[in-house]
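Since the structure comes first, as structure tokens, the remarks are kept for the end.
By written order: A, B, C and D. Residues from 1 in each chain.
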Amino acid sequence: MSVTRDDIAAAMVRAAAALRAAKDDLTALDQAAGDGDLGITAGKLADALDAYAGSEADDLGKFLAQAGMALNKAASSTMGTLAATALMRAGQTVKGQSTMTAEQVAEAFRAAAQGVMDRGKAKLGDKTVLDALFPAADALAEAVGAGAPLGAAGQKMLDAARQGRDAVTPLQNKIGRAGWVGERTKGAVDPGCAMVIAAMEGVTGQ
Amino acid sequence: MSVTRDDIAAAMVRAAAALRAAKDDLTALDQAAGDGDLGITAGKLADALDAYAGSEADDLGKFLAQAGMALNKAASSTMGTLAATALMRAGQTVKGQSTMTAEQVAEAFRAAAQGVMDRGKAKLGDKTVLDALFPAADALAEAVGAGAPLGAAGQKMLDAARQGRDAVTPLQNKIGRAGWVGERTKGAVDPGCAMVIAAMEGVTGQ
Amino acid sequence: MKRFLNAPEAYVPEMLDGLVKAHPEALKFGEDVFSIVRADAPVEGKVALATGGGSGHLPVFLGYVGKGMLDGCAVGDVFNSPSAEQMADVTRRISGGKGVVYIYGNYGGDVMNFDMASEMVDMEDIPVKTVLVKDDVASAPKDEADRRRGVAGMVFAFKVAGAKADEGGSIDDVAAAAEKALAHTGTMGVALSACIIPQVGKPGFSIGEGEMEIGMGIHGEPGMKREALAKADEVAARLAETILADLAPGAGAEFAVMVNGLGATPPEDLYVLYRAVHDLLAQKGYGVHRAYVGEYATSMEMAGASLTLMMLDDELKRLLDAPAQTPFFQQS
Amino acid sequence: MKRFLNAPEAYVPEMLDGLVKAHPEALKFGEDVFSIVRADAPVEGKVALATGGGSGHLPVFLGYVGKGMLDGCAVGDVFNSPSAEQMADVTRRISGGKGVVYIYGNYGGDVMNFDMASEMVDMEDIPVKTVLVKDDVASAPKDEADRRRGVAGMVFAFKVAGAKADEGGSIDDVAAAAEKALAHTGTMGVALSACIIPQVGKPGFSIGEGEMEIGMGIHGEPGMKREALAKADEVAARLAETILADLAPGAGAEFAVMVNGLGATPPEDLYVLYRAVHDLLAQKGYGVHRAYVGEYATSMEMAGASLTLMMLDDELKRLLDAPAQTPFFQQS
């Protein structure tokens, strides 16, 4: 079973719908732990994904990388920039290809997570999006490696992301705007985690 | 029965107490028909009168005129300036004297009213302090002319001032800040009338 | 009250003390803190300009004392006229031998006190001419223009008259320049919230969430109409159209435009308003010679804005463009 | 929301359009309205300075583009970083052959995007140096100074670095001047009310009547403490003492002082605060070389203020005193 440009485009549209639906929740979370703009960012990312999904590109690498550049232009707050970085890094792993295997999807996902880490210079446990992304990347790779079909592997990925989110919820944010809120972030869901999980729910349809 | 510097000083102190007591009412009236500072002005005039009352002066003329200058310095909003003008003009009528008769009190009062009219260039019926001052000046002169003692004449003066105030209450303010409020001032007591009546009540003890 | 204050009675003197401490190269006190003049006053051989009025409107009035604009200012308590004595003191300290022009807003207390002051200094042979600012087109109809209030348009009068004095104009020239500027100037404001006089401690009126008052004065004097808060473009058009109807400019007229914030309105919002005014003037074939966007005549923490338009000819352009250096207004 | 707006999505582009229409002699657009550079850019043979950041803080950032300060600015949506692409566009348009220095506030989104932009233009052989502004002493303890936010102190960095570039300094000199200014600068703010992002439409937090938040950031980032609103003199002393403890000045130190209004706070109140700061510095034997009182870095309609102190040596004095002409900052 291989993933095509059209599969990715359809996933973008599903992610967009999920992000749009989560706008108000994300605003509320970011008002508590940041500056309250994450709902706006999610809305802009959704619009940009919808607008981009119909674009043509020579190969999957360019298709993903150019999506990243479109996202950066549309939404350049922290999460917008990290989302853009993730797509650009994912694109680098499938340069010149017109389809990708499940293993390659898992690799691309890991590269995306690593890209977010490189760009944002946060560490695991700082209570950021990384704490959802890395467990999710691990779970996806493991399930795919064990021969699970993408649908089932996606469920594992999502579960791991939610667990990652929940694991850091009791902690204090250490970086970004939420880092300045300090103590008061203990017990609050990290807004960035909430956003990537919403996007993953859209992609996996779960 | 003649009026001395000490009588005038005592009247100033009584007026001051009455003005101070009226502060909040005057603020409320001026908030409705102007800029809300008349209570502050009344308080400043009261403080200035109290502070001045102990001053020495060569004669009654100077005693009154210098009081006017002190008031102008302390409170130079419209009503403060008019009060100052009134005292300066009153002083001019008793230059060089060390006492004044009841007739001279009435004359000084009329000169004060005329001074306020000259300085402010308002007309009777514009709904200003003039509409309390002129009837009061007339009543005082008439009563004194008919031989009434100052106490009884003062009562007539006060009644006339109140009637003057009530007569213009239904009208619209035509001048000053209240002039800009227009229609909405119909039925509202003119703040300036309220202030001079408070002062007269203090002076007459009624 | 969401404000930084010590004792409310000390508000104005402390503010003035801070202002002169912050700008010692520009300003100095006269007889007391309520009388403030240029640090280099009197400027000999130049007509001097004085203004005055209540506090609570910075940069009006004091903020325009400096090179190219005013020579001195008498300062009153919040929304209160200064005393005649203070005005006379300022007049004496700035008089440079060519006379003094008073330019101030048309408010009863100020008029009475400036009149008294000019009577005082007249006895000391300082000639004085008075120019009353009455630019608020919302405050009375055109045929009762003498009843109008003076608001942000006074800044253009200060600028133009100050430049005329710097050019060596006589007392009559300077007063005439101010009159000319004002004859071509109209202002209109819109308020979204009230302000608080520190000594009173509570607002004198309120404007509901989602409401605006079109035509309100800078002390909260009532305007033409209380209505639903409209979009920025509509508000800008309302202000501009009303002023233009009053000024009745000829085809191709050129303007100085001032979009003034009353206090709490963000500079960003003022530029949104300016854009609408600019486009509207352009559509009508008018030009913008100079734009001023910011806080020029305020009402403490009041939210709102005013628009001022001054129709220019070559002389007004030259005088407006001349340099000026004051604590709140720099142009080179 | 007591604001003048059209469609909330159009807020920033309309504001920018208005700004460039009001100041055509000073500013021009780059690739789109979010990229704005000096009208005479690129200035050949001079190190160029760029900044960028979210909207909602005027005059920060854009208002300091002009002679003697910055060459260009990438503008984001309200409280949002501009994109790397916009920053790269600004960089290309201002590059005058001697390299470009980025000076901007230490916020995650901005850092990531400026890093991406410098990677992009590096491939085009435009050398870039980055100076991060981290002047908010309330945002992290001194031993974690790298976590501090950038607030009003950036204006001093713009001024000093801009003057160094005008003097003919190299890219290293200009970056070093900015770093030096910032090493001697501390800022601390206090907020009395919240502000509203137009697209959100409601405040993200609230501060009760009679309360203040000491140390709050210019996007409403939480401060050190929520407490009862104190008198102006006490507030000023709290800010000044905290900054002084951080800067640890030597005896007789001389300062540039900035008392900055966050938006809704009247200029009068800022001078009341300035007075207290001035007197406190004088009591400690320190001098004030220059005072800046007004709105320099705002948060739309937020009520509040910040204090910035920069300790000066002869070089910093010279660079600070140099002339500058921008739409929001003039000094001659």
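Odds and ends about this structure:
Just so it is clear, contacts are C-beta pairs under 8 Å (C-beta built on N, C-alpha and C of every residue); 3 or more make two chains touch, one makes a residue touch a chain.
Owing to the predicted nature of the structure, the values given are computational and were not obtained by experimental measurement.
Centre-to-centre, using mean CA coordinates, subunit A is 77 Å away from subunit B. With centres taken as mean Cα positions, subunit C sits 32 Å from subunit B.
In whole angstrom, the spacing between the mean C-alpha positions of subunit B and subunit D is 55. Inter-chain centre distance (subunit C to subunit D, centres taken as mean C-alpha positions): 29 Å.
Under the stated contact rule, the graph of chain-to-chain touches is a line, running from one end chain to the other without closing. Across the assembly, chains come into contact as A-D, B-C, C-D. Residues 2-6, 11-12, 14-19, 21-23, 55-56, 58-59, 63, 192-193, 209, 229, 231-233, 235, 263-276, 278, 288, 291, 293-295, 298, 300-301, 303, 305, 325, 328, 330-332 of subunit D are the ones that touch subunit C when the two sit in their complex. Residues of subunit B that touch subunit C in their complex: 27, 31, 35-37, 39-41, 69, 72-78, 80-82, 85, 119-120, 175-177, 179-182, 184.
By the touch criterion stated above, subunit D contacts subunit A in their complex at residues 76-86, 107-109, 112-113, 115-116, 139-140, 147, 149, 197, 199-200, 204-205, 217, 219-222.
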